[in-house]
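Same chain, two partners: chain A is paired with chain B first, then with chain C.
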Partner chain A sequence: MIPELGHFALALAVALALAQSLCALLGAARADARWMASGAALAYGHTIAVGSAFAALIWSAVTDDFSVQNVVENSHSLKPLLYKITGVWGNHEGSIVLWCLMLALCGAAVAGFGRSLPSILRARVIGILGLNAAGFLLFTLLTSNPLLRVWPTPLDGRDMNPLLQDPGLAFHPPLLYAGYVGFAVPFAFAVAALIEGCVDAAWGRWVRPWALASWSLLTGGIALGSWWAYYELGWGGYWFWDPVENASLLPWLTGTALLHSAIVVEKREALKTWTVLLAIATFSLSLSGTFLVRSGILNSVHSFASDPTRGIFILVLLLAVIGGSLILFAWRAPALGSTGLFAPVSREGALVLNNIFICSIAVVVFTGTLYPLFAELVFGAKLSVGAPFFNATVLPLAAPVLLAMVVGQILPWKRAALGPALLRLWWAALIAAAVGLSVALGLRALLPALGFAGAAWLIFGSFGEIIERIRLFRIPLATSCARLKGLPLAVWAATIAHAGMGITVAGIVGMSLAREKIVAISPGEAVTLAAYDWRLDGLRDGAGSNFRERIADISVWRDGALVVRLTPARRSFTTQRMETTETSIHTTGFADLYSVLGEERDGKAILRLHYNFLAPWIWIGALIMSLGGFLSVADRRLRVGAPARRPAQSVPAA
Partner chain B sequence: MNPISRRLMFLGPLGLLAVGGGAGALLLHRMADGSFDPRGVPSVLIDKPAPKFSLAPQAGHPGFDGAALVTAGTPVLINFFASWCLPCIAEAPQLLALQKRGLQIWGVAYKDREESTARFLAQHGNPFSRIARDAEGNAALEFGVYGVPETYLIDKTGIVRWRWVGALSDNVIARALDPLLAKYA
Partner chain C sequence: MTGKRRRIYLVLACAIGLGSASALTLMALSDNLVFFLSPSQLAEKAPQGGRAFRLGGLVESGSLYKQTIDGHPQAKFRVSDGAASIEVEYDGILPDLFREGQGAVALGSLRPDGKFRASEVLAKHDESYMPREVADALKKSGHWNPSAGPPPPAATWNTLPTKPGG
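Right, the complex of A and B next:
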């Protein structure tokens, strides 16, 4: 009964989403307040309907209803409750419903939080979101309905891929999807602006919080995914330039560019068409990421759910959404003139530089990701583009951005001089040089020294804007403190996010110094790695509710003192006939002691031991970046709305 | 910049999308008929002699080894299967149909218990004229098998001509296997 109700709710959601879109768009075209208001109300109804369908799916999974196909294929009665719930979005059908729920929530959020928007713009945004949602809901209902029954009813399910039975991956897809789908809102704003033929400072201000929130969620989602790959796959790496990872990185890159170019629209009314294009591109890349992963075109360790026949539907949907918006762009965007002029060296100039480099990185990653497909299609050659390509191409493009972002932050708008700005950062340069020099002397290696110097420059230099603004040491300290209190949250947000980036960079550079050892030792033996003695104390068997495992007890010693006991394991999942490795990691905050248990032969166990220097900083930095983004959303100025269009808001209230 | 070239510039993204959409459609089309497989890496054995191996036969069936492939005198389809593999059940009707057409199909029971294999054959039909047991997975290693089911076409001189990873479908047989069978008959 519950699955049928969910099925009905899903069908209802399609109708409500279509109605939401029609009412809102037609209402906006006729400037009819009642139609527009019903569009907003329908956005809530549509959200409730999708939410009910999703809840029905969760209910079926939790109660082990093996008459539902999706539950049979992805669940098992012995699976722990948490994974019964998270398993709902660990497969294609469920994840698309989650996607739809997020999109519906975006529409509801615009309806709920967007009351200060001009009613026509708000209605158009809601309408475009509704149209998108209707497309995706139709896709779910017609090709990937998770609530279909199966007959005869099997006794038990087939269980989920054991790699996915992990807390990290339980929360990674919802966060990532929230980020992906969140960019639908800037996209809808861009399309609405194209329909209206008007992009102004107010538009820039309205788009930014949505872009910021989505970006923060996406940052968190990518970081969580990378962390999962780090500890669950047990390869010791954190980023593999895997097509699916790249698919999430691309919208992140263009989203980052969008955040920054929207500032220029807001403050200076320049870069309008570019920002609109970025908003369209970011959501398009989110959609294509889903398309490429879900259709299985990109081969990857990640794409656990793929099916070519659905690909056709997604492709058509994709071409309709992206094509429609780009046709609108080609038609309307040439009319969006730029008004704000600025010198090449200025805050705007720095943001343009940021956009050029970040988008270049996006183009490089895009090319590298799709080149194997291109080669297959054109030359019929099987090849793969791996980490060496990406490292060699992304690094030279990322380095200038990282160096320049510190300077850009303290440049004034319109016109600036580079020399004085650089001079004002002498102290950050000094710290960076000191860090670089000490690393160079300590390690006798040039690249890590440069890397750490860059990271230090970024971490400390990010505070340059705050120091400039409070005029530290140039006016009395008390006045500086008073100024510090008055600083807008957005300034803090930018500083924190930039410093977070610096911490991530430090982590990445640190990981390049990581050391690993693969050894075959018997219980009682010990090996030395990175000043630690790793002793294998013993091997034992264990069992969980749906797996059996073999556990190694390792004690790690330093200078005769016990540091930690590690227990890496090898699990074999009975239902799926699959083995996974469970890493055991101890973090000191500055380094990870990382251990993996391999096969056993002749009484010897094969252990892979890593000493990952600064590894945790990668994700701590990402978390800080994400936090910075949210902090910026919380800035009062973004909630108040721009004064320019203020009078328009009283219309719907009447 | 004159207004027309400015307008054309704004059409750029659309052009890019059209190219991407066309390529996507082509890839999907080729995935559907099996000529593009994102997971597949061509086997290094193609156009090379089949590897040497010797395996025990399944009880009650004639077995075979690497040398038998050369002396068979007809094209042979080698099918790696197991009773615990669901796609193997899915491709059972296709294999039976191929057997009816007179093709020699030799099975390798991969990492399977003898009695489970026997039960599998009783339940889903036996398309194999010979069955060898690869309990340790050694022959599979020689062939470079990804997983079961996996199928190889060996021509009558013992040369590997084709490899298919995953279950055989009617589409794959019609598009990929039949032309090869005609060529190497």
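Right, the complex of A and C next:
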């Protein structure tokens, strides 16, 4: 009964989403307040309908209803409750429903929080979100319906891929999807602006919180995914330049560019057309990222939920959304006009530079990700583009951005001089030079030294704006403190986000110094890696609710003192007849001691041991970046209203 | 600062950004493209100069030999596509799903003695999974005709005749 109700709710959601978009868009075109108001009300109804379908799916999974196909394929009665719930979005069908729920929530949020928006703009945004939602809900209903029944009903399910039975991956998809889908709102704003033919400072101010919130969620989602890959796959790496990872990196890059260019729109009313294009590009990349990966068009080592038969529907849908918005852009963008003057050396000039380089990185990553597909279709050659390609192209393009973002932050708007700005950062340069020099002398290696110097420049230099604003040491300390309290939250947010980036960079550079060792040793024996003695104490058996495991007890010693006991294991999952390796990681804050148990042979256990220098900083930095983004959103909410909107000059397109 | 000069700066900045991006891409592509070859393609024309490539096929049943040298695990096995096969050497832990008679992809290069030295061996997380390249190579060598139905069980591929009905 419950699955049928869910199925019905899903069908209802398609109708409501379609009605939402029609009422809102037609209402906006006719400037009819009642039609527009019904669009907003339908957005709530659509959200409740998708929410009910999703709840029905969760209910079926939790109650082990093995008459539902999706539950049979992905669940098992012995699976722990947490994974029964999170398993719902661990597969294609369930994850698409979650995706639709997020999109519906975005529409409802615009309807709920956007009361101060001009009613026509709000209606258009709601309408465009509804149109998108209708397309993807239809896709779910017709090709990926998770609520279908199966007959005869099996006694038990086939269980979920054990690699996915992990807290990190349980919460990674919702975060990532929230980030992806959140960019639908800036997209809808961009399309609405194109229809109206008007982009102004107020528009920038409304778009930015959405872009910021989505960006923060996406940052968190990507970081969580990378962390999962690090500890669960047990390969010791954190980023493999895999198509799935690149697919999430692309919208992150253009999203980063978007939230910076929206500042220019808001403060200087320049870069309007560009910002609109970025908003369209970011959501398009989010869409293609999600669906190209899910449809199996992009081959990957860790895409779990893929099915090529749905490819055509999704390609047509993508073509409609992306192609449609780009055609609208080509047609209407000239109407936006370009105003706002700016000098190359100024805050806005620096933001343009940021956009150029970040988008170049995005282009390079895009090329590298799609080139194998292109080469196979055009030349029939099978090839792959791996990490060396991305390292050789992304690093040289990222370095200038990372160096310049510190300087850009302290440049004033409109007109600035580079020399004085650089002089004011002398202390950060000094710290960076000291860090670089000490690493160079200590390690006798040039690249890590440069990397660490860059990271230090970024971490410390990010505080340059705050120090400038409170005029530290140039006026009495008490006055500085008073100024510190009065600083807008947005300044703190930018500083924190940029410093977080610096911490991530330090982590990435540190990981290039990671060391690993593969050994086969008997219990009682020890090996030395990175000044630690790793001793294998013994091997034992264990069991969990749906797996058996073999555990190695390793004690790690430094200078004769016990540091930690590690327990890497190999698990065999009985239902899926699959083995996984469970890493055991101890973090000191500055490094990870990372151990993996391989197979056993002739009484010896094969161990892979890693000493990952500064590895935790990668994710701590990402977390800080994400926090910075949220702080900036908070600042906007506290501000009293957006500036009054100038009347639109051009006639809206009918 | 006139509008014209500003525009020149902007165009210049874009040109530098995109120009360096495309230059880097082209340079990196020419150096870092990793081709996928099957053992029979390798037998026809081997890549020269120790260039890295990916080798894909089935792990021949009974060819896997593991040993430990000075406390370092080493594995030797043969990768085949039915028509040809080649010996692979790998230092390290084979992936959890690595099995004889199943598909695998190895990244590495040819040594002067004609053996393949792998730096990385991949087997997918999914037991029924066969890397797409391996599937295509199998179709080409005649082991599997997709129009005749789903692929036969992985463990039997090695013992199938090279050409169907032949």
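We take it that the second predicted complex is superposed on the first by the 639 of 654 C-alpha atoms of A that agree within 3 Å, B and C clash if a C-alpha of one lies under 4 Å from a C-alpha of the other, contacts with A are read in each partner's own complex, and residues count from 1 in each chain.
The rule is short, and it goes like this: contacts are C-beta pairs under 8 Å (C-beta built on N, C-alpha and C of every residue); 3 or more make two chains touch, one makes a residue touch a chain.
Here the structure is a predicted model, which is why all the values come from computation and not from measurement.
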Task: Could you figure out whether chain B or chain C reaches more residues of chain A?
output: C
- prompt: Is A:374 touching the first partner chain B, the second partner chain C, both, or neither of them?
  reply: first
- request: Mind working out whether A:326 is in touch with chain B, chain C, both or neither, as first, second, both or neither?
  value: first
Query: Can A:191 be said to touch chain B (first), chain C (second), both, or neither?
result: neither
Task: Could you look at A:470 and tell me whether it touches chain B, chain C, both or neither (first, second, both, neither)?
output: neither
Message: Contact-wise, after the overlay, does A:494 reach chain B, chain C, both or neither (first, second, both, neither)?
response: neither
Query: For A:580, is the partner it touches chain B (first), chain C (second), both, or none of the two (neither)?
result: second
- prompt: After superposition on the shared chain, which partner residues are touched by A:382: those of chain B (first), chain C (second), both, or neither?
  reply: both
- prompt: Is A:334 contacted by the first partner chain B, the second partner chain C, both or neither?
  reply: first
- line: Overlap of the chain B and chain C interfaces on chain A comprises residues 299, 382, 577
Query: Which chain A residues qualify as touching chain B in the complex?
result: 273, 277, 280-281, 284, 288, 291, 295-299, 308-309, 311-312, 315, 318-319, 322-323, 326-327, 329-330, 333-334, 373-374, 376-377, 382, 577
Partner chain C, residues of chain A touching it in the complex: 161, 163, 299, 301-302, 304, 341-344, 352-353, 356-357, 359-361, 363-364, 367-368, 371, 381-386, 388-389, 392-393, 396-397, 518-521, 527, 570, 576-581, 596, 598-599, 601-602, 604, 606, 608
Message: Taking the touch rule as given, give the residues of chain B at its contact with chain A in the complex, in rising order.
response: 3, 6-7, 10-11, 13-14, 17-18, 20-21, 23-28, 31-32, 36, 38-42, 84
- prompt: Inside the complex, what are the residues of chain C that reach chain A?
  reply: 1, 3, 6, 9-10, 13-14, 16-18, 20-21, 24-25, 27-29, 31-36, 54, 66, 68, 71-73, 91-93, 96-97, 107, 122, 124-127, 132-133, 136
